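All chains are identified by letter, namely A, B, C and D, in their written order; residue positions are counted from 1 within each chain.
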Amino acid sequence: MAWDFETDPEFEKKLAWMRDFVKAEVYPLEVIASEVDDGQFLRLIRPLQEEVKRQKLWATHLPPDLGGQGYGQVRLGLMHEIEGASQWAPIVFGNQAPDSGNSEVLAHFGSAAQKEKWLSPLLEGKVRSCFSMTEPNTPGSDPTQLSTTAVLDGDEWVINGHKWFSSNGMIADFLIVMVVTDPDAAPYERASMILVPADTPGVKRLRNIPTMAGEHERFGYGHAEILYENARVPQENLIGRPGEGFKIAQARLGPGRIHHCMRWLGVSRRAFDMLCERSLQRQAFGGKLAEKQTVQNWIADSAAEMQAARLMTLHAAWMIDKQGPGAARKEIALIKFFGAKVLHDVIDRAVQLHGSLGYSADLPLEEMYRHARAARLYDGPDEVHRQSVARHILGGYTAPEGIWPREHIPTRREAARRKFAELLEHHTANL
Amino acid sequence: MAWDFETDPEFEKKLAWMRDFVKAEVYPLEVIASEVDDGQFLRLIRPLQEEVKRQKLWATHLPPDLGGQGYGQVRLGLMHEIEGASQWAPIVFGNQAPDSGNSEVLAHFGSAAQKEKWLSPLLEGKVRSCFSMTEPNTPGSDPTQLSTTAVLDGDEWVINGHKWFSSNGMIADFLIVMVVTDPDAAPYERASMILVPADTPGVKRLRNIPTMAGEHERFGYGHAEILYENARVPQENLIGRPGEGFKIAQARLGPGRIHHCMRWLGVSRRAFDMLCERSLQRQAFGGKLAEKQTVQNWIADSAAEMQAARLMTLHAAWMIDKQGPGAARKEIALIKFFGAKVLHDVIDRAVQLHGSLGYSADLPLEEMYRHARAARLYDGPDEVHRQSVARHILGGYTAPEGIWPREHIPTRREAARRKFAELLEHHTANL
Amino acid sequence: MAWDFETDPEFEKKLAWMRDFVKAEVYPLEVIASEVDDGQFLRLIRPLQEEVKRQKLWATHLPPDLGGQGYGQVRLGLMHEIEGASQWAPIVFGNQAPDSGNSEVLAHFGSAAQKEKWLSPLLEGKVRSCFSMTEPNTPGSDPTQLSTTAVLDGDEWVINGHKWFSSNGMIADFLIVMVVTDPDAAPYERASMILVPADTPGVKRLRNIPTMAGEHERFGYGHAEILYENARVPQENLIGRPGEGFKIAQARLGPGRIHHCMRWLGVSRRAFDMLCERSLQRQAFGGKLAEKQTVQNWIADSAAEMQAARLMTLHAAWMIDKQGPGAARKEIALIKFFGAKVLHDVIDRAVQLHGSLGYSADLPLEEMYRHARAARLYDGPDEVHRQSVARHILGGYTAPEGIWPREHIPTRREAARRKFAELLEHHTANL
Amino acid sequence: MAWDFETDPEFEKKLAWMRDFVKAEVYPLEVIASEVDDGQFLRLIRPLQEEVKRQKLWATHLPPDLGGQGYGQVRLGLMHEIEGASQWAPIVFGNQAPDSGNSEVLAHFGSAAQKEKWLSPLLEGKVRSCFSMTEPNTPGSDPTQLSTTAVLDGDEWVINGHKWFSSNGMIADFLIVMVVTDPDAAPYERASMILVPADTPGVKRLRNIPTMAGEHERFGYGHAEILYENARVPQENLIGRPGEGFKIAQARLGPGRIHHCMRWLGVSRRAFDMLCERSLQRQAFGGKLAEKQTVQNWIADSAAEMQAARLMTLHAAWMIDKQGPGAARKEIALIKFFGAKVLHDVIDRAVQLHGSLGYSADLPLEEMYRHARAARLYDGPDEVHRQSVARHILGGYTAPEGIWPREHIPTRREAARRKFAELLEHHTANL
């Protein structure tokens, strides 16, 4: 593969098809979404999903034995960039969170029995799932503070804790819950993931948490607050081995961040297109907005930053494809905070250019703006990713020799004179 | 650099050799430079240049018939990144400005006679050259304001004008001067480049202009102010055809910007290494600086920005290699202003971390900082490049259909209901 | 008045009373607002308003003959800072937009008849008003593009046009509409303000425009889209003289911007308090958030920026009080864009520190964040205010003599030597 | 400055005189400085100093008994703003560092004997002084790491250590040295200041450290590196009481920071004037630079930021005058980092607008730019001041009650309903 992230012509055709399809069939859903009910909406979505399956582009993140195409992260990334342009595209392409991530977890770490019982119906669209990790009272980025616990009592796990921002929690049929199973282990080996049927006694689903994102709880989407009070599940509901919770989370989130960043670029591109179009149409103070230097700065900076985020993300994807996700940890952390800022900044400029129209819900910009704010928070706040990059770089760091002259007192001059004599001799000898 | 833009293994070996060579042989020159005279310094440089020639890495920007290796811009870029780490490396590798650019101009646009008379001795190191374009009283980015003129009188060009920041002007043997030859032509077709021997009567070399970069006029380096007062040169001294001045300048500057940006990354990397090393060594308020979050932010942001600038620059280089410099004009303009900011920001953080030591000349950081300020100005200020990117994007721009719903009055609702009915029918028909 | 903006002790007591009152009586309204209906809410508000009237703090922006206290802008500003802390405070203190501004317009520019007919019932709370200026298809900052017109037909104005973001438009009893009455006049003398009863035939109130601010249309608040189609009103409904529209708008908006900026500071302060409190309570990675340097930077920068915005706003208020609003035009433009950025940045940091909680509607931060985005747009976007400041400064600008040495060619040296001789002589003569 | 912080009319006259004097007599020194030798320069300076003394504006920072005028910090600040416009003004007004600070130390903390022996000749200009605090191997902001020690041996202090950036060190007649005298005391009570005659055996003055500021060692100015090797001075050379070193430093630096910040504003104003003037003179791409929106943004932002820094600094000065320096510690820390950034940003924009001319030494901008970089480092780096502000704010912080609703689980709704009932009852009872 050329490092420009060119892919083979056949796959390029797939991407072209996706772009046309999203524009022709998915964009129109946006105007309709708020005017129809869930049932009506599903009747519109279903045939589009069928078409995607016919194109063999359905749920491509899955392993080939489950229907995926064995695409690596670069290809998946390019697909997610296209899907990012419309909030309804992931549903149409079988990639909607949290089901997509949960199906990956089960595909890679689930037992045969778990796959049969939970994964199959999930892939068939018969059940829905929730990912329940974040806690209201502890920072998710610090593993030592996770407070929800599962204690083995006979052959059952007894779960107690308080979670929120559990995606799809109110309507899911089962939940994958992050719990401490061994509080005395090393920080990143304390937790496990456990499958919990939603109707388990003791699972109290309190509410969908209202957020800046506003009401878009259609199709069950929403972030639930859930109490686990002595909720009991069979021992075999633990996914993988005890203590593997963070390992699985990392595997789930790593490539997921590539997908996030690429979808952000799809969103950014759309905002950028609106920025460009408006600047060419709107007149003010004797000229098009496109002729104002501030607007030109916005366009140029947006173009540069989007290009930067795009190349960095595809590069990280390429590293995963070549060397595995472990090798790209720094690169993935980089794009998480860098990309989230680009997303915000491009949308922010588009809002500003559109003035009151940009602030109104007549355009999708204001919704993009609200959603973009979350990008600096979910999957860990910027601050944690920056810290993680710095630690990654500094861990075992040794400075290249000779990068700066160590003597800062005047003895350096004498050293220089000595060095000169040596060098001269050395070269003379060599000539 | 296996982790990154791979080139073939043989070339990777060349790069590895360069890195070692620069560290072992070029870095030491820095401590010596201020302690020896020009003659002594040249005695140190000469054997290094010979070694570079033996390695077939000398002046690789030239076409193969003049000794280049036919490396494209990606490979040249990777070499310049290494050379950027030390201010003396370009001399050692036959890439010092402005001789490198001038030799390219003559190689690509010079007549056979010009090549023989000027290019050959230049490549042999027997003469030195100057590039004389910038004017004190006109903005270089606006072609309509160029004020130095050449008028044909018989078979001689008579040149009049005022230039400054003419690199190497005080010590050059000949100058390539940008002059208006046809003031009535289209803006970008008014100017030509003319070869002017330095000893031509009427060429008044006033001074080397003192700048923020400080005194580093060793080996003739410096930015001269020059008056041309009825300076006469033969008609055949015009390079290319009349009116091609801006075309040649563009050809000279395009790839040159790739090289600049890659050298900036070499500088940035060195500052970054000093940032990392110091943060691990220095204690303050009960911990290493590396443990302070501000410092971690600096390291993470620097890593992200350098990665962004690097990928963008190599991507632009790759576009030139694949489709020619014309295809990459936007990309080259992007990296010029984006890269110049990264360069400054990384160095600035390193200065700040080192405190008074960073401000002192005991470290190379303060010199890097002063030089970096020029990067936002030469070859056109940031503002002009941003404007050029915006115009490139907006020229002939058409917004993708459907990116936003055009109706913002409530008629949209009705439209949505109609659309829903249509879609439903459409899908039903298709199923 | 001391320039620290200390006021007399008696007024300081008023402010202290306001602070306590807002905390004790207004804050609690916030939790209740979403749980009660309009009627219930008004029953809660009414007694608070009565208390404010007893304190002689009701609608203090009005002239003394209408019940105001003759407070200047500094005092009003300090009051608005306190009111800014809660969205319900302006209603409680008789300062809610757009009624407050509209009542000022009528108080200062209305005829006796207009005052009797419209202002009196407005002050008594018997009717509500709308300000209808912004147009969907023209930039509000460019007076030459205003497209809504009023043409005199007999003794009636016939109004045609399309407005939106007309505050309170859907529930107002009358509207103050900005219309072009003399399209051939100088740009800022083309428009007038006309009083239009809401039930005038031809006034088509289409909808409240949904915005990023979300649904807070309680008590009639909202931004309406309105068509004026041959709406006829009596000639005497014009406010002031024909062509005074922009003059009145300026008078209405100037002090209004002081009030905006001070309310923003009230909002910022509350977000800042949440930032501080949370940083002291929350633990992560082995320490309080307050001990992380990033958080300390946020607190320090917020403190500095709030201090800057506050002093600049009070200083502008002080200039208005001393020299009239005309004298402070540059200062008011400065605080508009400077203050809007501070508002956003402080809230943004508080959101980030609170993580998912900050993004949720469980805290007021997410609402503040959405509202803050509008501050960079209403009353003119940042870009227009920056431009206006620059033009104000550059209009009639003359550089102080001697700020830089005019000769940049080496003749300066000679000049310096001459100057030295002169000076020496001059001083010697003087000693 | 009637438009601003008014002082009494008589003092305003003094300021007006200063402004004229600096413009007429001090600016011209700049072009001359590099062309004459020290002796010649002093012959030019001396009569100006005499004129300043006649105006009773000489060394006004001193207490009245030593010739000061009893001006508070607001007045001193306004004077320093004017002096800041030219690097030679502080010498002319008797305020040059480090003598001004050292004389304050001796005036406020010196014994009668110290005053007679050291202060008197210093004020008479017969001797010069050095302030020797910074160490190359320890961060100056962390008191626990100070490594230079003084041990009492009989009735002599024996000093050992390594200092640098000791202002005026190479030419001073005596040095005030910061040393650890009680290593076991509380962190801020370990150090003392001791007077050391420059000719004391063991005082090894190694060199003036070259810095980004370049060569401006005229009149002895420079930053020396000094070794103290068993340097012995009489016991009575300790200033104040043992352990008061940091207390004296704080007293020396606090008001000094006001003066710094005001001088920075003088520098900024001059750069700003050059920015404005050039924008009106220079044409590019069919219009004045003043008509480009980017340039307008620079002017508007510079105006806003300078206004912010100025009001904040004068406000801090006013607090010192009213409540003593202790009360303004937070305010002084704020302006230190806020002001240093404004200084850099304004100069940076002026450099950018002037292009190659701005980068050249033909204008004072490039020198301003280099000096401005130090402002973020001396007297403590930005990071330390930010940390200090945050700690000041958070120390003993208690959040105002009621700023946010504590219940984030749905019990809030019930609480709200209860609260509503209560309030209603409460109001009803009150009506």
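As a convention for this text, contacts are C-beta pairs under 8 Å (C-beta built on N, C-alpha and C of every residue); 3 or more make two chains touch, one makes a residue touch a chain.
Since we're looking at a predicted model, the values are computed, not measured.
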If a chain touches chain C and chain D alike, it appears here: A, B
Of all other chains, the one whose Cα centre sits farthest from chain A: D
Computed distance of Cα centres, chain C from chain A, in Å: 39
Chain A and chain B: spacing of chain centres that average the CA atoms, whole Å: 36
Chain A-chain D separation of Cα centroids, rounded to whole Å: 47
Junction residues of chain C, two or more chains touched: 136, 292-295, 297, 357, 360, 362, 383, 408
Of chain C, residues touching chain D in the complex: 2-4, 23-24, 27-28, 30-32, 34-36, 40, 43-44, 46-48, 50, 270, 273-274, 276-277, 279-280, 290, 293, 295-297, 299-301, 303-304, 307-309, 311-312, 315, 319, 323, 327, 330-331, 333-334, 337-338, 357, 360, 362-364, 383, 385-387, 389-391, 393-394, 397, 399-405, 408, 412-413, 415-417, 419-420, 423-424, 427, 430-431
Chain B - residues contacting chain D, complex: 134, 136, 139-142, 145, 164-165, 209-214, 282-285, 292, 294, 351-352, 355-362, 366, 369-370, 373-374, 376-378, 381-383
Interfacial residue positions of chain D with respect to chain A in the complex: 136, 206-207, 225, 292-295, 297, 408-410
